[in-house]
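Shared between the two complexes below is chain A, which has chain B as its partner in the first and chain C in the second.
Up next, the complex of A and B:
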């Protein structure tokens, strides 16, 4: 009998890409103004080939409102899930995700500070928030690693998790303090902390795509090291993995991705926790298959959550973070029970 | 093949290994014996660069500090007493991890020599039938055999064993030690093993280092090292008498 490959099979990859394309098309078509899939495809094709737009179709809604949002949602979903899968492998903890390090809270703190103090960059609507979120994400990582290093020179996983959790609580407290004094900005800050990708444009998408391209490639290139980490840091070292270098590289890549995602979409929980579990049930734990599957499945998951957020209580739009938390919590409980039951059998 | 000179390891103010020296030659099976806390496992961790140490450890004449982890793993395989795998990897996936040091890099998917070695390791350890089983479903003995197969697939020249049969029943103990004995019978190989069971040490070892409180009490051939006087000094009891009393029950 032939063993499963270390890579995602072309069939599975094609299926996931097809489902992703379908989900993106669905999200563009459905909204306050319904547009048929045929019209949507025609507009997208004309835009791609730089031809005149067909008449009677809301090309502006498709190209300038829904398409950038859908692209951003897909990129954030892919990035968060990839980070979650990497962190669950690296920390050998199925409850880990991109936020376990505390970097997510650090990035949120930076963004809340930017919103509260009206920090802006000339020429951009979101530059200040993004810049401060990324700076705080990076500073948080440095602080967490420095504290973990002071505690334990080998940068033990447990030390990092412990300090990450403590730092998250500290950052949340400071955020609450800022929100208490935010006055008229309270509503916008609160909505941002719940997570939202409404109003995001192609400028956001470019930053997200660049971060995913670079940091995603770094994470994907470490699939074998992540497999080795699953047998424990000592055993991983025994088979030749440079454990410290791998940990630092992956944590920096994940932190940058999380920082960019948080700066664009706020705090969107559960995606990085639940999607890798779902993907693992289908493609197995081998990171050669798990990482790409998580990326694609994460994009699909967040697109569907965004669709629910936009349409469930129309015309009121829910925060995407609220939907991912509701859906994710239920899905996680189901996965958890199923896994435990399977383990007992 | 492996040589340690004045190796010391400190945990804070406490000296766990204190100026230990030994050498391991081709075809030798060196048993590290001594009571709990003697520093045996710490010495193994020092050799694999798992803890900082002073002194010098040489592998094939080269200072191991100068070796990258992958270079070290190409020469040294380690079998620990316990393993914990986080996710439901198959036995074959675990065994294939042994090839990591030989096929590194983003584009190194192919490892033709490795495929043959993985097959051979699975066969040697009797794990071929379980190759697609999840490691989470294996018994302690099967899991240890899976990790032994991983070490065999790694194709090292020196094998370090840290109480490899500690939690195994007698059948598995015999099986694991026999497998390692067969592995050692090939040229250019050596084994360094931490053991508590002195009967196993005597049965399989060619040389021994007896440790106590981080120091070397005696070293040499089994006969030279595990003498009644040395054992009484280290364990504070008549070890031979105790063994005879135990075995006498089976007479």
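Up next, the complex of A and C:
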């Protein structure tokens, strides 16, 4: 039974993958424009088998608009949830997440700065934005933790969140400041900071997939260390975990992932907060199971949120950040309430 | 005899006084577009215009020299760029405005509060609010500002000119049932379009086109696949070009999946002057000409000079 407790059971894994596949298929079939599932499947099959496409617009919409978007949404959802799960474990804080800690805001600030100052990496379309978003995500995380540590050495749940929220506000104000100074050019960014994955293509998907592959592997490889640290940093040290190195490695991995996600889709709040909790209810707190489950569940969750954003008011499209924040805010209150009550008991 | 002379003198004096009074009776009284009565002893001579459209109307009426302050977005005509800038919209700063000692502040109802209006009025500055959301509304605004400035004739001439242009275009265009999609925000930042009850919608109708997103009201974010399905015959983007990377038209022509669109295949994609086509001001006339020329295959590389 030992292997079962440290790894996701094949049954659970298969189930999650199946649900994910189902969600992806659903999101490709259902959209702002109605295309029958039969037509959708025919187009997908033709594309897979490289057969000539059936006539009509539907092939174009499915292959050029929905498919890349669905892939991007799934990758961003998986990455954000993995980050949330890793940070919650690392900080032993049930409310930790890129958005509550202010890391996403920091990353947005970096991205906006890159756009305002025209920072570009030669040969790439969005390399400069991405790089600055990553660096700012990492610096924000460091700053927030340093401040929290100075305030309260035990890094209590509330003080970290408090500083995270303050930092988020600070980052947004600086962002507004940059936007108002740089005139017309950046005004359109205001829409983007709400979070949107519309118009993202396969080029974005390749970068997201690469980041998730590398950083995801790094995070997953540290599941045991995260388990040890869940008991306490001292205990982790006693069982031979190099706490400093593990923390730094994980924080870099998380920052890179958040930076990439933010530069592709803007700030999409609360995904990393809510999904790991849902995953924990299903597979338990062991990180060996929790981390992969969070990734898969995160992809499913964000796909469904995006589906709502795309179809609720069609032809109008909601910002995906609005949907996740609506769901996430309610979940946040519930989790906060439950942890406070648990702490009091 | 003396009495007669006195009476005559008195009568002459009275006539003179009456004449003077008539000459001095230049007070203007207008009702602004919020239904507020505004009365001035004489046409206004010191104006702060917060919105770009009001500023353009003012200048088109030949009152440029009365402008003592302009809102942050007022950038046309170029000759006003030397006029001091004040914050506008949600950041409107009352101290900045009062420091310019205007008689009248022209503003729209967008992002402005009743408190701000009251505060300005308490400080002796008259506030005139414009609120045009269609071309008829622009005429009202022009006439209102004309009356305020004692330029009623110029206002009528301007309205007449706009009307004649619009009527001319409408007469030359026949309803073809072809559709146009207006792109207000590019794909990169999430697509936004201008639906019904917008100036773009009105101009499209004038040119015999149907707005592809007439079912959406105002400016709204829309799904990319809706554009692909509605397959517009024309695409008009108002994205500004800053001189680097692909132009807005090239960017649209190069989008994955957009190649099959009628507009893209026919090269019927046009980058319109965003300010002319979206501001409730006199340059809607230029925007209409621009759109008409584009639809009839006579689009110039640059917007026609005003």
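To be clear about the criterion, the second predicted complex is superposed on the first by the 256 of 345 C-alpha atoms of A that agree within 3 Å, B and C clash if a C-alpha of one lies under 4 Å from a C-alpha of the other, contacts with A are read in each partner's own complex, and residues count from 1 in each chain.
One rule holds in what follows: a residue touches a chain if its C-beta (ideal position, glycine included) is under 8 Å from a C-beta of that chain, and two chains touch if they have at least 3 such contacts.
As the structure is a computational prediction, the values presented were derived from the model and not from experiment.
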(request) Please indicate which partner A:198 is in contact with in the superposed arrangement: first for chain B, second for chain C, both, or neither. (result) second
(message) Under the stated touch criterion, which partner chain does A:41 make contact with: chain B (first), chain C (second), both, or neither?
(response) neither
(request) Return first, second, both or neither, reflecting whether A:53 touches chain B, chain C, both chains, or no partner chain. (result) neither
(request) Kindly classify A:33 by the partners it touches after superposition: chain B alone (first), chain C alone (second), both, or neither? (result) second
(request) Could you say whether A:165 touches chain B, chain C, both of them, or neither, answering first, second, both or neither? (result) neither
(message) Contacts for A:316 in the overlay, against chain B (first) and chain C (second): which applies, first, second, both or neither?
(response) second
(message) One more residue to check, A:12. First (chain B), second (chain C), both or neither?
(response) neither
(message) Applying the document's definition of touch, where does A:151 land relative to chain B and chain C: first, second, both, or neither?
(response) neither
(message) Per the definitions at the top, what is the overlap between the chain A residues touching chain B and those touching chain C?
(response) none
(message) Taking the touch rule as given, give the residues of chain A at its contact with chain C in the complex, in rising order.
(response) 31-33, 57, 60-61, 63-66, 68, 180, 184-185, 188-189, 191-192, 196, 198-199, 201, 310, 314-319
(message) Which stretch or stretches of chain B touch chain A in the complex?
(response) 45, 48-50, 68-74, 76-78, 80, 83-90, 92-94, 97-98, 100-101, 104, 106, 109, 131-132, 136, 147, 150, 154
(request) Flag every residue of chain C that touches chain A in the complex, lowest number first. (result) 91, 185-192, 213, 215-216, 220-226, 228-229, 231, 240, 242, 256-258, 260
(request) Sort out for me which residues of chain A touch chain B in the complex. (result) 1, 3-4, 6-7, 89, 92-94, 221, 224, 227-228, 230-232, 234-235, 237-243, 280, 284-286, 343
